[in-house]
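One chain, subunit A, appears in both complexes that follow, with subunit B as partner in the first and subunit C in the second.
Let's look at the complex of A and B:
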């Protein structure tokens, strides 16, 4: 079939494999891939596995025809791709979270005119605070975001919340929801047209299997 | 050690091999456009910001801006259609309909972080100003098709949609206010998911509901137009118009374009048919365009218009490398000093001559670097000709019949 599918490693991997299996494509070779990053299935698709945030990059550039990626990554990266289907799994929220107790947000705005936000999702955070008429100072961090408010780096964090366990363990409370996120099927702009038949069939199958 | 020499973000130099290939592509496209009667025009690199402001287009947001010494804001043109619309509406205001102009020029837009797209885009395109009928839309589509074939992409696929059909479907479904805005936002953001969510909020039922919800994912042949026109009566006339475009495209002898209601353009000046072309190997559409009937009025001369632009850099990725063959011409040792007269005679006879000095230390290296196949020296009994690829030498008495011609 000669189709290149970009699959995210990490939290969305299991759901992606299940969704791909549900549309009748072989996923066993992908499960047995070990450390290989590219898995070619004879007579079937080629799978490319990457970090979730890189999926839109591969699809946008045409290195992959389609990909599976969280809505959070789409809203942060704003890639020029088609978003074809909501696959339904990987549900979580992008949330503004601050330490338990009184919410420091309003006080910070009142006293300092600005709220300090630590996040991996700089654009989402900027848009959210701008959209709600508050001035935010965004601190970009790359991991263990929960640490930032605990040591005074920021008033709170904007991050994905799935079960809320990490938040609770670090004494943080979800205060406001920016948006809800699930896994999405995306396609390269050119592949979407040149492989219209294959893709339209796949989208229908994904919608039937994922709903 | 010298400091690193930098370029602004997103721009790059073009070296001889690429420049030659881009030039050949541009010439091929231009040849096809000229066959339809389009004549090239050139607009300035910089425009007053007022020109773009008149277009009132949100796509203008990203542009390089600078000031002249009177403090007026200038922009580097971020697009060619707006400047050409200005030129046609002002300088060619008296030109009878139809006006056919072409261009091959660069537009500049500041790069977005994380995007591959460069800050400079080479665009070769046409604008057909005056006629507002489906025949004009079809001519532009046909010219694009012939141009892409001439450039070496015979299997390019063209898709057409219609901003007017989408608009009429939204009218028919009674979508207005914020819902209409979020539907357009979803369509421009190419999110079928967001479109569907917003469309479901309207709660249209039956065929109308199905067409509305499924619109951006609807693609195929002309049967789609019939389906939309039947389900949404206010959209019928626009569907019939696009159907007429397809008829006329067929009369031009080009493959039928795919009808795709998900095709939209980032610029909001488009008002009717919208066009995209795709080719394997190019990560984004190699050509985009459409009808923009409202733009001329902004510059004081209302006239219907339709056009399309080919993105040369993207097209370049879609064409195969031209066959590996040394360029015609020779490196003449001594042509720069002792044998200038011979170099002149050869050039007059039509041979490209790269002259180097008699004592040049390595003429073969020059030939290899510049992609020429032969190094020629004066010898007692005529000319020694070295084939750089094989290293073999041959003595010729007359350069008029060399192997490089």
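Let's look at the complex of A and C:
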């Protein structure tokens, strides 16, 4: 088959394996991979496992033909790939969250003219605040975004919210939803042309499996 | 004391705790913190634990007064902070590494005019290739950089090398060293002015402890 599939580690991994298994591709070798990041299945696909944010990079470059990635990463990165299907799993929202109590957003803008926003999703946050006519100073953080308002680094955060547990544990509440996200199937533009038969069949199978 | 200290999780955590303990500050509450990212020690400092790459962000903004961070992160981020001391631990090199065998760098440039470089350290890599008169296309990846040459995403990687184990496991060899890195003590510029006494004393203690 010689198809290269980029699979995200982390929160979308289990759903990705289930979706791949549902279209009839072997996933057991991937479960047994241990520390290996590349798994070649004889007579089947080659799996490349990466961080979720790296999936578009591998697919855009052609290092992988197709990949599974959250809509959040696509909206942040805007990679030059085809988005072929909504796989339905991994549902969450990209949300603007601030400490519980009076919403500090209006207050911060009233006092200082600007609200300070910590996020991993700089472009999503910029578009959101620009689009709603509010001035924001975006602070890029790479991990534990929920920490930022607690120590005065920011007035609030733009981050993915799934169960809401992290928010509750840190005294934060969801104020506004930027967009909803689920896992998407993406394809390299050249692969999509050269291997239309294989990919079209897969897309139909993924759509049937996800329904 | 009311001093806020930003401590990096990951590879520099143990060395940071040892260095902090060596200057006489209590670190046991930090060891017992579990999932908590903020640890206030009554009568002592407040510790904020973050990803290594977020330490400069917290210190630059004043959310933390001082922090411990690798020189690699400082050279990549160039934050507006004071670098007060070389703490000596966490030694490693930032290196240009490619697959074993003939060095593909010259070959790639000869064939395509450009070498493709995967890295988390985009600015460090850009400066290195510009400074040595070679054209490079930098591909930003966020994790498992060593994977990139194996699947054709890049000709080689610019990454931190400590023991070299990851390189060996992936058939890569170190070709050139960009710079050496160790853990550094950094301070917020305003904190450094307002709290010169406390910080000067700490710097002397850190330097004595690290010697």
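Keep in mind that, in the parts below, the second predicted complex is superposed on the first by the 211 of 211 C-alpha atoms of A that agree within 3 Å, B and C clash if a C-alpha of one lies under 4 Å from a C-alpha of the other, contacts with A are read in each partner's own complex, and residues count from 1 in each chain.
The definition used in the following text is that a residue touches a chain if its C-beta (ideal position, glycine included) is under 8 Å from a C-beta of that chain, and two chains touch if they have at least 3 such contacts.
Bear in mind that the values here come from a model prediction, so they are computed numbers and not experimental data.
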Q. Of the two partner chains, subunit B (first) and subunit C (second), which one does A:207 touch, if any: first, second, both, or neither?
A. neither
Q) Counting only touches as set out at the top, which of subunit B and subunit C does A:188 meet: first, second, both, neither? A) first
Q: Based on the superposed arrangement, let me know which partner A:86 touches: subunit B (first), subunit C (second), both, or neither?
A: first
Q: With the two complexes superposed on chain A, say which partner A:57 touches: subunit B (first), subunit C (second), both, or neither.
A: both
(Q) By the touch definition at the top of the document, which applies to A:77: first (subunit B), second (subunit C), both, or neither? (A) first
Q: Kindly classify A:176 by the partners it touches after superposition: subunit B alone (first), subunit C alone (second), both, or neither?
A: neither
Q) Regarding the shared-chain residue A:196, is it in contact with subunit B (first), subunit C (second), both, or neither? A) first
Q | Where subunit A meets both subunit C and subunit B, residue numbers | A | 57, 61-62
Q: Would you pull the subunit C residues touching subunit A in the complex into a rising list?
A: 4, 37-38, 48, 50-51, 53-54, 57-58, 61-64, 139-144, 147-148, 150-153
Q: Spell out the part of subunit B that touches subunit A in their complex, as residue ranges.
A: 114-116, 157, 159, 189-194, 217, 219, 258, 260, 262, 276, 278-280, 282-285
Q. Which part of subunit A faces subunit B closely enough to touch in the complex?
A. 57, 60-62, 77-78, 80-86, 184, 188-190, 193-194, 196, 200, 203
